[in-house]
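Both complexes shown next keep chain A, but they swap its partner, so chain B is in the first and chain C is in the second.
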Partner chain A sequence: MPAADVKPTRSELLEIKKKIKLTKSGYKILKMKRDGLILEFFKILEQAKDIRDKVNHDYEEAMQRIAVSKAVDGAITVQSAAFALKTHPELSLRSKNIMGIVVPEIEANSIRTPMDQRGYGVIGTSVYIDEAAKAFENLVQTIIEAAEIETTMKKLLDEVEKTKRRVNALEFKVIPELQESEAFIRLRLEEMERENTFRLKRVKQKAEAHG
Partner chain B sequence: MDIAVLGSDEFVLGFRLGGVKRIYTAKPKDYETKALELIADSSIGVLAIDSSDLELLSPNARRKVTESIAPVVVMVGKAESDLREKVKRAIGVDLYKTN
Partner chain C sequence: MLSIRGSKGNYAYVTARVKAKKSLLISKDNYPKLMLMDLNEIGRFLGETQYQVEMTELATKYDGVNLIELGTSRNLARVFTDILNYSKGDLRNMLERYLMRWDIWNIKTVMRGKYYGASAEDIQEDIVAAGKFDEGYINILISLENVEAVLKELKNREGLEIPDEFVKEFQETQTLAPIEDYLDQLYYAEVLACVKCRDKAERLFKQFLRKEVDVTNLMTLLKLKKEGLAPEHPEKYFIEGGDELQIKALVDLSGAESMDRLASELTRYSFYADIKDALEEFKKTGSLSPAGLAMQRHLLRSSEKFSHIYPLSVLPIMDYMLRKKQEVDNIRIIARCKESDLAPDQIKKLLVM
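Here is the complex of A and B:
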């Protein structure tokens, strides 16, 4: 609220003082929340970097292995082996709370399938297909781990951004405006008091001159 | 919930071999529609996509895909992760810088 729109009364001054007190305590709490979120963020940053490197490493390895198996067994054999698989990974999502932010905990089962349960014949395929399958199973496992960590990061970063915006709005907009209004009312009241004193003196002077 | 993979035939073949059941392929012109359709599917928990395919998406769809949390979209491949930009924006420092 611009200072000019404020009514220069004592009750308004008290109201603004209360607002400033409340806003300052809210500002302190939000600042603490922002710092806490940044600390949590730093805790998982290293994990996120490591898991990203692992995803890239596992992906490269898996692509190399499948290229070898395609070269040795032929693309059709690899495709038919892939279509023969019967077990598929299933995910279960739970959630945990980090400073009021709900983040997922992803658990997966049946990612790794024993060779004899893969659905394709062991005799008709080479060891390269098994190695490629194993490399992709590892990659799927890493992707699931990355999904959990990266979602937590994204949610934390969103919350940090939101809290930062609120803290800045309070620090640079709300509190200065309230303080400006408080100063305006204070000055206006003082001015009114001086005017009143002057008026009383004039009345007294007039009364004395006539008396 | 399931894990799903979207990409070219070459990209998805290995995932099929790795046991992923929900495999989706799309031609470059249909890629955006398919990606948006998959991120709206509540039965998918994790969606893996090739990071180089992100170029096929319009800026708006790209933002929707990279910021999706349910399902979580994990980018696989050599292209740089979108998280780096997000960290730079939120924290104000490029914490992924190695030097």
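Here is the complex of A and C:
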């Protein structure tokens, strides 16, 4: 609110003083939240870096295993083995709270299956297909972990940005404006008081001159 | 050995034809050249060899590595069916039983495709009609509605009936694995029963088949151990009729505390020398692939040794079939590895020559 729009009254001054106090405490809390979120973000960032490396590693491993499997057993055999498994991994999504932010918690079921439950026969399936299947199971598991960590990191980053904007707005706009309004009201009140004193003096002078 | 159908078989004729076919196999010194070629060059090279017919036929529909893989596998199917068609008597019976592995393979593919709900075209692409079942019969299987209908149809085929308990188990658990394992066991039971051991060559053929059973059982054993699986009835994963590894020994070995313990138990078997390095590598990499390759090489060496002993027997025919299969595998390995940009050293390790 521009200072000029403020009514220069004592009650308004009291109101603004209250607002300044409240805004300053809010600013302090938001600043603490921002610092806390940044700390949390850096912790998650480390995990995100590690999981990203793991995704890359597992992806390369899986692609190499499937390439070897397709080479040795043939794409036909690999495709035929893939037909044998119809079940899909199930994901259950829950949420947890980090400093007021709701982040997802992903739990996956039936991703890693024992060799004897992959749908194809144990006797007739080659080790290459088994190893490729296992490598892809590991990759899917890692991708799910990465999805959880990266979503948390993204949400934290959004919240840090939002909090930073709020802190800056309070620090550079709301508080200075309120302080400006407070100063304006003070000034106006002082001026009004001076005018009043002067008016009283003039009245007194006139009364003495007539008297 | 006379060429009368219904008697022992036309060994002289078939072995002569197979010998001629053997001379068409790609020689060892061609593999390094193939490794230096790109996919188009490999395709062109194959188009100038015995794969010409299939490569030309399929070139309108496929290209690159898929053309190479399908062309070579269709050629393998044609060559094996040709050999089967001009064999007679007991020889034909033995070869028919030996090639039943492809029928089993096709049945498994059809069942998997039906189970998954794949289209008829997708299933047809995965078929290698190198056994007794021709493409017409396999297409009938593909056209059936579901797995149960395929199993019902197989009841009409002698020697391939699936017992009701497996059908019931499939209906309850909706998993094909027990049926597939049963089919693999059935294959070896059938082929071993078919070889009557009337002469030394047949005895050697049976011994070779028993070695193959040993290799399959050993790989199953290693897979179970690697996965840390301790099934209640491990015998259901093993095939009867092995040369050195009998079911009881395999069950005992599957109870070994660790892979190290299992490796030390295996030292008393003749194939240990072939698998020793691969087991050492397993300790470092955790991969059983080298063991699989080592055992494949072991089998090829055995078949080559046997094939020279009795030139007018089933042994050189079987040796040719193994070599032909290996050639197709090697071509595919080179092409697929080229497609995936795998290092030449890695390609060399995967080749079996």
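The criterion applied here is as follows: the second predicted complex is superposed on the first by the 203 of 211 C-alpha atoms of A that agree within 3 Å, B and C clash if a C-alpha of one lies under 4 Å from a C-alpha of the other, contacts with A are read in each partner's own complex, and residues count from 1 in each chain.
The definition used in the following text is that a residue touches a chain if its C-beta (ideal position, glycine included) is under 8 Å from a C-beta of that chain, and two chains touch if they have at least 3 such contacts.
These numbers come from a predicted model, not from an experiment.
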item	value
Which superposed partner A:K155 touches (first chain B, second chain C, both, neither)	first
First (chain B), second (chain C), both or neither touched by A:V140	first
Touching partner for A:L189 - first (chain B), second (chain C), both, neither	neither
If touched residues of chain A are counted for chain B and for chain C, the larger one	B
First, second, both or neither for A:A71, with chain B first and chain C second	second
First, second, both or neither for A:K164, with chain B first and chain C second	first
Partner chain in contact with A:S80 - chain B first, chain C second, else both or neither	second
Chain B versus chain C as contact partner of A:S126, first or second or both or neither	second
Chain B and chain C contact sites that coincide on chain A, given as residue numbers	63, 79, 81-83
In the complex with chain C, residue positions of chain A that touch it	63-64, 67-68, 70-72, 74-76, 79-84, 86, 114-124, 126-128, 130-131
Residues of chain A that touch chain B when the two form their complex	38, 41, 45, 48-49, 52, 55-56, 59, 62-63, 66, 78-79, 81-83, 85, 87-93, 104, 106, 108, 110-111, 113, 129, 132-133, 135-137, 139-140, 143-144, 146-148, 150-151, 153-155, 157-158, 160-161, 164
Residues of chain C touching chain A in the complex	66, 69-70, 73, 104, 108-109, 112-113, 115-118, 122, 125-126, 128, 174-181, 183-185, 216, 219-220, 222-224, 227, 229, 231, 237-239, 287-289, 291-292, 329, 332-333, 335-337, 339-340, 342, 346, 350
Chain B - residues contacting chain A, complex	1-3, 13-21, 45-46, 48, 67, 69, 72, 74, 76-78, 81, 83, 86-87, 89-91, 95-96
